[in-house]
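Each of the next two complexes has chain A plus one more chain, namely chain B in the first and chain C in the second.
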Partner chain A sequence: MELRRGVILNLEQDKKLVDNRTRVRRLMRTSIVVLIILLFLFPIIRPPLFFLTLFFSVFMYVALTESWNLMGGYTGYVSLGHVTFFSIGAYTTALFMNRFGVSPFATAILGGIFAAGLAGLVGYPVLRLRGAYFVISTLLLAVIMQLIFMNWEFVGSSTGLWFKLLPVSMETNRLIFYEVMLVLATLITLLVRRVEKSKLGAGLIAIREDEDVAKTIGINTPWLKMQAFILGAFFAGCVGGIYGYYMSYIHPDITFNINTSLLILLMAFFGGCHTWTGPLLGAVILSLANQLIVTFIGAEISRILYGLLLVIIIIFMPDGVIEYIRASQFFQKERTS
Partner chain B sequence: MLEGIGVSKKFGGLAAVSNFDFSVVEGQIVGLIGPNGSGKTTLFNVITGFYPPDTGRVIFKGREITHHKPYQIAKLGIARTFQIVRPFLELSVLDNVAIAVLYGRENMGSMEKGRARALELLKFVGLESKKDVLAHQLVAVERKRLELARALAIKPEFLLLDETFSGLSDTEIQEAIRLIYRIRDDLGVTIFLIEHVMKAVMGTCEKIIVIHYGLKLAEGRPEEVSQNPLVIQAYLGKRRA
Partner chain C sequence: MSVTYILETIISGILFGGIYSLLSAGFCLTWGTMKVLNISHAVFAVLGAYMAYWFFVKGSLDPLLSLPLLALLLFFLGGIVYRLIIRPVTKAKDVIMASMVVTFGLAIVIENVMSYFWRPDPRILKPPYTGASFFIGEIAISQGPLFGFVLAILAIGLLYLFLYHTYTGKAVQATWQNPVGAALVGINPERVSLITFGLSIASAGVSGVAMAFIYAFYPSVQMVWTLFVFLVTIVGGVGSILGTAFAGLMIGFITGVSAAFLPFVWVNVILFALLWFILLFKPEGLFGA
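Take a look at the complex of A and B:
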């Protein structure tokens, strides 16, 4: 009898726990929606350019980190080549607009398509490699592509490329692409979330957990990896296109900078790369922290603080901030109920 | 149902499996035994497409599968378990099986359907009470059950078991043997198993193939094989034979 009561009690506790969790989840969802709407309306108050650019870079890193996470987080293939797809998007967009006068909104998607095409070509050999070999080959991709664009006349080589702006003022131009980037980041995050919960996502996670076992249960692992790689590259390419418009100038040193790849990777690991919420949180916190420290304290100090922060995170929250929060929430409720 | 003709696989100068013939008839439980390093697991890896054989052919239901990829072989209906069980450690027990349902031969589209089918399989192997537990929290015998459930989730017609009984207690082995009979009788799956636990092999299998240094040493009913002087010699040395 005693035992049975124990079981019933446990069930009630579990139910309370589940209730609490759904409540927290609902609250989170509502606040995210409200936040997105506020951010969308933000330009109405005519904020200084500083804030616009700050938020723009937050959106951009959210979009990049989420798209990177398809391969890096779910599938467990850590790519340092993400910046390449981003840059291909930016350059494709610039060239199509400047040389052929294609509308900026179509060109961003074209940028995505070119990036996805490159991912398909590169992915075929590179996705056969695992672990460190995969990481190194994607690093090489990033470095080689930067060198090519640095020396290629047609794409402006080391002088870079200016974007033909829309026939509106500089401020309006920036406002437009601020909004576009916000929408794009939201869309990409939602799509990645969708993938995570889909059959494709389940297959990718199986590959991360054990690629050989994944094969024995009928998963066409090369094809699934290719899908994740191409989809991630497509998103990054679109983001690159919008980035180019916002900045209105691109240069191999800036656009192809390998630091961007490293930042993306750090943001994903910082937030926690097993769910879509981790990269979102990581990208928001780290890009805000980075920009604010650089602006108010100084670039040199920023690097030290940034490094320190990362060390702390790695020691105390090895699965990322999101998993840490989740675990602590869980325990708190268990104690109080 | 499954047949191998002259299968050879070399690793450098070492012939892990050489000119090996075998056949498993539908509905049988066949055992593959042999001392450590005799080529048992290599043969399984050849059958399931992980190693392409240097020579020879593997035929499943009259269809050559020699150079098929592992996932294609799985789709044709050959499932396998691993010697050292390999669950997806970070996932729940239910999802471990559900993913296999999704990508297996039933080819379902949504996680919900996959989970529903996975739950039936967990009931079949007696693991439904652990469905929401993460796989790394399971104890050894539960992991073996999970490994079986995941292999069955692709809806196989043929199951390769690599040392399923190792590390289990006597009662656990008895349960596992019963489970294997149920897999064969209730699900109609033909079974080819590698085993070290002699008692289990002798009691379960209708036919036993003995492999030694990659060569076939003997083949036949359990009592014939266990009396074969060559087999005794391979296991216990020349003096005892």
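Take a look at the complex of A and C:
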């Protein structure tokens, strides 16, 4: 009798807990939607241009980190070649605009398709490699592509490419790019979230846990990895297309800079790369911090701080901030009570 | 394009391949023994080059004389880095990945500290004896690369002697071949790792000095050197010091041949494309186990 009462009590407590959790979750979801709407309406109050520029880069890093996370986070295949797909997008936009006069907002998708095509070509051999060999081969991909674009006359080689500017004022220009990047980042994040909850996402996580076991229970691991790789490259290409037009000048040294790949990786690791919330959090915190430090202190110091952060994160929080918060005392108590 | 020119290019390619052999030998040693992929390896080479440079400029101490002191200092620095940064990471689930990320951070920190304090200008180490050239018949070999090469080969020889003819060296090798077995017969893995890491950093410093005889160096050159280290290590395979040394010479030879016939900018494209193909079809390396 005692025992049964205990069980019933526990059940009731559990029900309350579950209710609490759904309430918290619903609250969070509403606040995120409200936040996005507020961000969308933000330009109405005519903020200084600095904020639009700052938020543009935050949205861009959110989009890039989320798209990287499809491969790097869920499957654990850490790619340093993400910047290549991003640059392919930027170059596609530049070439189509300069030679055929197509609008960049249309060619951004085309840039994504080209990037996805390259990912398909490269992915077939590269995705057979594992661990350090995969990392090194994607690093080499980034380096080789940079060298090729540096020396290829057709794409402007080392002089780079200029874009024709939009025929509007500076303020309107910034405003348009702000809104476009916000929409793009939101879309990519939602799609990545969708993938995470889908069968594809489950398969990708199975690959991270143990690829051989995943294979033996009948998961088509090469195809899943390929899908994630191509999808991530597609998103990065789209973002690159918009970014190139925003910068109005692209050069292999800037767009193909391997540091961008590292920043993305760092943001994902910082936030925690096992869920879609981690990269979002990491990208927002670190890109804000990075922009502010670069603007107010200096590039070298900012990179020193970045490197130190990377070292400290890996030593103390090997699973990222999100996991660290989840595993912390506060949430543990709630779960076990 | 004369035969002399081609021969000169090939020989200078091989000379500089020898230096990359030494740089990669240390990298290969940590990867093999500790399963740690040390991306900050080349940054310590640049640090070594700077130390030799400052000894030479401020203390007018010849680079060849300051070398033992420099190697000792870097050995201790390596020990400290191992204790503070590498050892916590070797307890992670995926050691290779965690060590890659952590040493990447370390490389960024050291590179930017160097360029913050010492400016990012290119510098070159120019003791009086590197300026002249040495002739074999018609072929001119400048003495800078020659000194660098001899230095590198001597250092590889010393590493080899240490690994194969001393008790500690044999312990390192045993750990490389079978970490559990080595621990079972009473080899302290922590001590072996400490010594390996220190040695590897010291050898990186020596190769940095050798490199500074040939090329201008600046903090961000470490990225290029790191890529070459990958190139040599992957071609050689993480098998042995001698395999790495041979791979370095081979890469030097290929660089020389392609530099003789192609414009300079495409040489690196060819080299990295080659590395890519080796990675794809024979990831264990040409001389790997």
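As a convention for this text, the second predicted complex is superposed on the first by the 308 of 337 C-alpha atoms of A that agree within 3 Å, B and C clash if a C-alpha of one lies under 4 Å from a C-alpha of the other, contacts with A are read in each partner's own complex, and residues count from 1 in each chain.
The criterion applied here is as follows: a residue touches a chain if its C-beta (ideal position, glycine included) is under 8 Å from a C-beta of that chain, and two chains touch if they have at least 3 such contacts.
From a predicted model like this one, the values you see are computed outputs, not experimental measurements.
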item: A:Met150 touches, of chain B and chain C: first, second, both or neither?; value: second
item: Winner by number of chain A residues touched, once chain B and chain C are compared; value: C
item: First, second, both or neither for A:Ile304, with chain B first and chain C second; value: second
item: Touched partner set for A:Leu262, first chain B, second chain C, both or neither; value: second
item: Touched partner set for A:Ala132, first chain B, second chain C, both or neither; value: second
item: Which of chain B and chain C A:Ile314 touches, first, second, both or neither; value: second
item: Contacts of A:Leu49 with chain B and chain C, given as first, second, both or neither; value: neither
item: Common ground on chain A, meaning residues reached by chain C in one complex and by chain B in the other; value: none
item: Interface residues, chain A side, partner chain C - complex; value: 76, 78, 125-126, 128-129, 131-133, 135-137, 139-141, 143-144, 147-148, 150-151, 258, 262, 265, 269, 300-301, 303-304, 306-311, 314-315, 318
item: Interface residues, chain B side, partner chain A - complex; value: 48, 50, 69-71, 74-75, 79-80, 82, 86, 88-91, 95, 98-100, 102-105, 108-111, 114, 150-151, 153-154
item: Of all residues in chain A, those that touch chain B in their complex; value: 197-199, 202-203, 205-206, 209-210, 212-213, 215-221, 274
item: Parts of chain C lying in touch with chain A, wherever the complex brings them together; value: 37, 85, 88-89, 92-94, 96-98, 100-102, 104-109, 111-113, 115-116, 223, 227, 230, 234, 265-266, 268-269, 272-273, 275-276, 279-280, 283
